[in-house]
Each structure stands twice: as structure tokens, then as C-alpha cells.
């Protein structure tokens, strides 16, 4: 378990190539075929898929459900947004920031880099205690992490503008940057799953006690997965922020967590392919119900605005799907060349 | 700080701790049998709260409504087990956890849409907010009621778990579910019983919680869920006595932080409490479970 | 002899893995039957299939004249077949008495059983002395006695013992086996004994089956099986 297996590597590359092709098609459609609104949706899909894949790299390999990745999402988005915002805007909206933050005006790569460093530090601090916990409480502990982060983001006016959120975040992202991000994150997640470290985490997932008996250090292995996943999450979050232009604390709380995890679980936590497929399915449900959520009429009856309708439908669909297929649509399977039967 | 103030904060911490202890017991009893945390646990309290809200608005006395609140809590707990846990027996833990999370989302969304997304007030009888003057000490009546009800509930639970056969089976199942079945205890009925107990405990705690806050809202179940989780982690997992110890420990940390922190930082109390808990767990990964080792006779 | 347990063509395993391949065995009333085999031969799987912890994929299990194949563990205990699981698995945080109360869980006349505790305590005097102590504080041998006594409280007609000698000092092992023989002699209890410790098991057993790789490779009276020199030939003992 200390070297790369050639077979696993080859399979990872095949899956990567196929998923990259899917993203390429989406990008080409967005650039040349779709109208403005549709192409925006396509871009958003690829960003969300990147985020969901980043979550998958932890949840899938460790078998531990994390509600805390949206905390990484928030930290990454705010750091990237603040780094890239122009000094004039920062002077105007956030005058109490330290001078060195105000004077900074990061390019896209620099903003991503700073977000990655920031999130990595945050993940390291939180990951140490969380990785040492009993597996059955890690999901709840990550939920606590989410709440703690949300509280701080909500209340730290001088840095986050509290509930008013960040505005005037520059648009530094093109469809092609999003494509590159999605391909890079997908590749990294597949590579990690095929790597010795990823394999060890999967052994821990199957049986922590047996893994420990094999000499695998359980907490350290979980911590590595947590960090890998956090870094990928930071990249996706930075790109999301610089594509969104304005955002506030409510975008990094339960609704977002539920939505991203629903995407992951519908597709199946066990595979990167499932994560992307799930993102596509939930995105389609979201889009088709968005109209209904604003209120609609059945004959003479006017149905009023229904906030949370999408959530309700997705949650119900998910519950039924879980009863039918507890491992999600894809289970552990990745997209690959069909195997020849002997 | 004067002695009077100290006593007042002590009673405050004890009454908050009583609620946390009951909440934590309710979450822990299902955890001890199934090995899974119920993420829709907070919604048991939410539904109990809304049930009381409608009855009290309709003119019923607060404490009569409270009885129906507890019944609604038991029904909700059973519904959660029926929808999220039973169909997924034997499924991967993640699927069950997320199913219970989905149930929580569904209940919240339904309440927001059908009733209102905004908080609603429940008028609590005014005598409850009074104080008993004892020399120079002022004892808030609600705090005393809370402590008394919680003590009675915990004594009753302890009795049931030790002297009734189903209660004994719950304790046995917490240790070894398989062997408990081998002794002839039917698995399904044990799980059902755990959810009933969980509903009763959450219901009682919920009523006391609502008497304290005086309002209901769709997301009101979240804080109780989180506090009971922290309490059971602090107390050492899968240990009912630990849940009680953890509940009181959490309340004392919270009250201490509120009293000691400068006013500017008070809004961050919840976050800082979590940090304090993480620090404790860092040095004692097993929580206070050493203190909670069950001693028999 | 009157047959108490009759198993025919039993196939069982975990998920896609089949562990037991068409096993057939029979146990007469009042017999002690040993099932011998190496680690991983499928002994525990056989017991788990008998008590309903895993569902057999094929075959028939008749117990006391009833078809119990596919019954749940709680139904099977009520019929009178009780397992003493491998590694004792007593409830260590519960008191000795509470463990015994759990043992009587399946009985309708639970109260009566508990009133007649003295009868059981005669067989296990050490448990009487420690009835209010947490079971986890008992020694290994005492815990094994508790596990057996707990099973007896369900008033079984067939007692299944999974590796009772596991983890016990040799002196204690002798005592435990002596106790098992006494049980049969005094109460007429039927016993199936799964063991790795061949010599000890054959000493008290009437008949024995040898299980390897999920199949019975030999069966016969204890004397016949003893002559096979199992340690070397079947179980992959030290000389293999």
C-alpha cells in the first residue's frame, strides 16, 4: 500500500479523460451554442460539480459524511473575494480591514493561492481534533464546525460585512477558467482515490479496527483526506467567488450544505462520476422548479410563493432514492471502458 | 461577584444543564442502541413546540398543552424512525445519517411553507417568570420548576432502565445489540422503544426549553440538537450517565463564558463554547467518560 | 435415539461469499456433539445460521420437530435453542444478576425462573457470591460460567457453545468442560460444542463432526474421531 498501483492509476486516467470530455462538451456548448442565460447555468454547473467532487474526495474515501465542507467553502470564498477586490472598493465598504489587506489586489491565480493557504490553515486546525474522534460523531462534529463558521462570518462585520455580505467582487473568471478548474479538481480527486494515501483511507473506511491492526494510522490517514479535500474545496470556492460577484453568509449554511450533499448522495458518494452526475440531476431539478417556487396558478387557484419548495422536492426524492438505492445511483462505479468478459 | 449573584448564576446553570441533560439523554438513548446519531432529533422539539403553540393560541392552559407537546414529540420520534431509520436498516451509515438530515429539512420546509417562516410567540403563564425571595436570594420560579421536572424525569428513567425488563434490554443493547437479540429481545421492538424514550425525553426538554424562550420557529430545533450532541461527546459516547454529566458541564461552560466574557464578545458565546469543548476534547478525547463509568450497587 | 436437531443440506455465508456447503448433521436428545475445525473452517458461521443471525440460502433445519429455517433469533430462543457466543460476550457493565435477568428475557415464566435462581446458583456458586458485582469485574473463567448460566436461564433444550475454552487458562478450561459434562448428566441437556481444542472436546463429547473449508470431512463417535489424529491431518496443527 505504499506505491501506486499501475492498474488503479490507469483506470483513474481513463475516467479522468472521459469526465474531462464531458466538461469539454459542456464548455463548448456554453461558448458557442447556448444563449447567455443557459451558458451561465452551464458554468455554474461546472463550478458546483468541482465543489461536489472536492467533498467526494473526503466523504467517498473516508466513508464519513461531512457537513463541514461548506465552512471551507465560506472561508475560501471570502478570502478569495477580499483578496481580489479592488483597494478602492475595500476602502469604501470595509474601511476597518488592515492596510495590507486593503492594498492587495490579487489576480485570479494569486487569489486562488491565498484562498488555498487560508483554507489549509483553517482545515489543519479543525482537522486535528475531528480526525481523532470516533467515526460515528464526525458527521455531527462537522455540522458544529459549519455552525461555528457561520456564526463568525455572520458577526464579523469588519471583515465580512456581516449579513450584508461582500459586494463588488471582480469578475475574473471565464468559462474556460471554470473548465480548467473542473478538470483539475476532478483529476486530483481521482488521483487521490487511486493513490496509496487514498487507498489507506478506503481501508480505514471499510474497517478502522482492522486497518489499525495492519499498521495504518487511522487519525493521520483521515487527516490527510480532510486536507486534500479542503484544498480542492478552496480552489473551487475561489473560482465560485470570483464568478459570483456578490455573496453573503446565508449562501454558506444549511441550504447550501443540503444542496451540495444531496448532489453527492444522489449520484453516490463512492465515485467521482456519481458526484458529477448527481450535480447534473439536482441542477436540472433546481432549474425546472425555480419557476414554481415564485408561485403559480392551477386553473383559477393562485398558488402563492413557495420558498423552500425545491429543497422539499429534492429532500423527498432523496429519501425515496436512498430507500431504493442506499449507495446512490453510481455506488462505487466510475465511468470507464466496459470490461471485456472472459 | 456577590454571593447572591453567584447563587443566581449557579441556579441558572443548573436549570440550563437540566434541559441539556434531558436533551442529551434523548439523543444518546437512540445512539446507544443503533450506533447512529439522529439528525432529525431537533425537529422532535420543533413539532412539540408548534403543537403547543396551536393549543395555547386556541386557549388551552400552557401546562396542559405541554402534555400534548410531549405526546407530539413521541409521535414525531416514531415517525422519524419509520421514515428514515427503518427502511434503511443495514444500509451504509452515511445513507441513514443523510436520510435523517433530509427528514429534518423536509419538516423545516413544511413548517415554513404551511405555517410561517417567522418565529411565533407562545405566551407563558406570567407566574412562571416570577421569583421567590428567600432572604437576600432571588430564586427564579421557572428555573426551580425546570430543575424539579428534570430530576423527576431522570430518576424515573434510571428506575425504568434498571428495574423494568425492557429498560434492562435497552442497557444490554447499548453494550451488545447482537447478544441482546440472542437472548430473545426482538430487535425491532428495542429500536422502537429507544425512539419512544428519545421522544419522551426530547418532549419534556422541549417544553422546558419553550417555557424558557417563549417562542417557536421552523429552525428552533437546531440549537437543542447541537447542544445535546456536544453534551454526549463531552460525556463520553454511548454512555447515558455521561450524557447527563456532559449536559451539565456544557451549561456551566456556557454560563461561565456569558458571565466572564466582555460584552463585545458575547454574541460569539456559542462559537467560543464550541472552541472550549474542542480544547477539552483535545486533552481528553474520551470526554468525561472516566467520571461516568457505570458503578453497580 | 430421539433426534432433537436435524440439519440437511445447509448452505450459508455472508453476502456473495458462501462459507458452508451443504452441511448435514443430526443431534440426538441428551447427546453432547462436538464440531471440530480449524480457524475459519466455518464453525461460527454454522452456529450463526442455526440461531438465525444469518439466513441460510438453502437447506432445511428442523428443531424439536419444527422447521426453524429462516426464523429470527428471538423466535429460535423461544423454541429452546440458545447460543453461548464466542468470546463469552457478557454484558460487562451490567451486574451479574442483570446479565442473568437478560438470559431469562425470552421466557413467559420469567418471574418464576428468577425466583428459582438458587437452583442455578448451586451449579455456579461463584456467581451467587458476586451477583451484585459488575460482570466486567469477573475473571475469564467466571465470565464463561456467567455466559453459560445466562444461556441456561432461557431454559433451553439445546445449548450451543462456541469455543468455550477460548482465552482461558488450561486449569480453567478443564473446569469449564467438567461443568458442561455435569450439566448434561444432571439435567439431560443436549449440547453442541464447537471447539478448536480437540482433545478436551472429545473427552466429554459422545460424537463429533470435523469441519474444514465449510464441509464435514469426518464424523463418528469420539473414540473413532480421536483415532484420526486430527491435529496433524485436518486442523493444520503444529506438526502440519
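Letters A, B and C mark the chains in the order given here, with residues in each chain numbered from 1 onward.
Quick note on the criterion: a residue touches a chain if its C-beta (ideal position, glycine included) is under 8 Å from a C-beta of that chain, and two chains touch if they have at least 3 such contacts.
As the structure is a prediction and not an experimental result, all values here were calculated from the model.
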Contact-connected components, subunit B excluded, all else fixed in place: A | C
item: Two chains sharing the most C-beta contacts; value: A-B
item: Chain whose Cα centroid lies at the greatest distance from that of subunit A; value: C
item: Chain at the geometric heart of the assembly (C-alpha centres); value: B
item: Geometric centre distance via CA averages, subunit B-subunit A, whole Å; value: 32
item: Subunit A-subunit C separation of Cα centroids, rounded to whole Å; value: 52
item: Between subunit B and subunit C, centroid-to-centroid distance (C-alpha), Å; value: 42
item: Sites on subunit B touched by subunit A in the complex; value: 31, 35-37, 39, 83-84, 87-88, 91-95, 97-99, 101-103, 105-106, 108-110, 112-113, 117, 222, 226, 229-230, 233, 237, 267-268, 270-271, 274-275, 278, 281-282, 285
item: Residues of subunit A defined as touching subunit B within the complex; value: 59, 63-65, 67, 128-129, 132-137, 139-141, 143-144, 147-148, 151-152, 155, 254, 258, 261-262, 265, 269, 306-309, 311-312, 315-316, 318-319, 322-323, 326-327
item: In the complex with subunit C, residue positions of subunit B that touch it; value: 162, 165, 168-169, 171-172, 175-176, 178-187, 294-297
item: Residues of subunit C defined as touching subunit B within the complex; value: 51, 53, 72-74, 77-78, 82-83, 85, 89, 91-95, 98, 101-103, 105-107, 110, 132-134, 150, 154
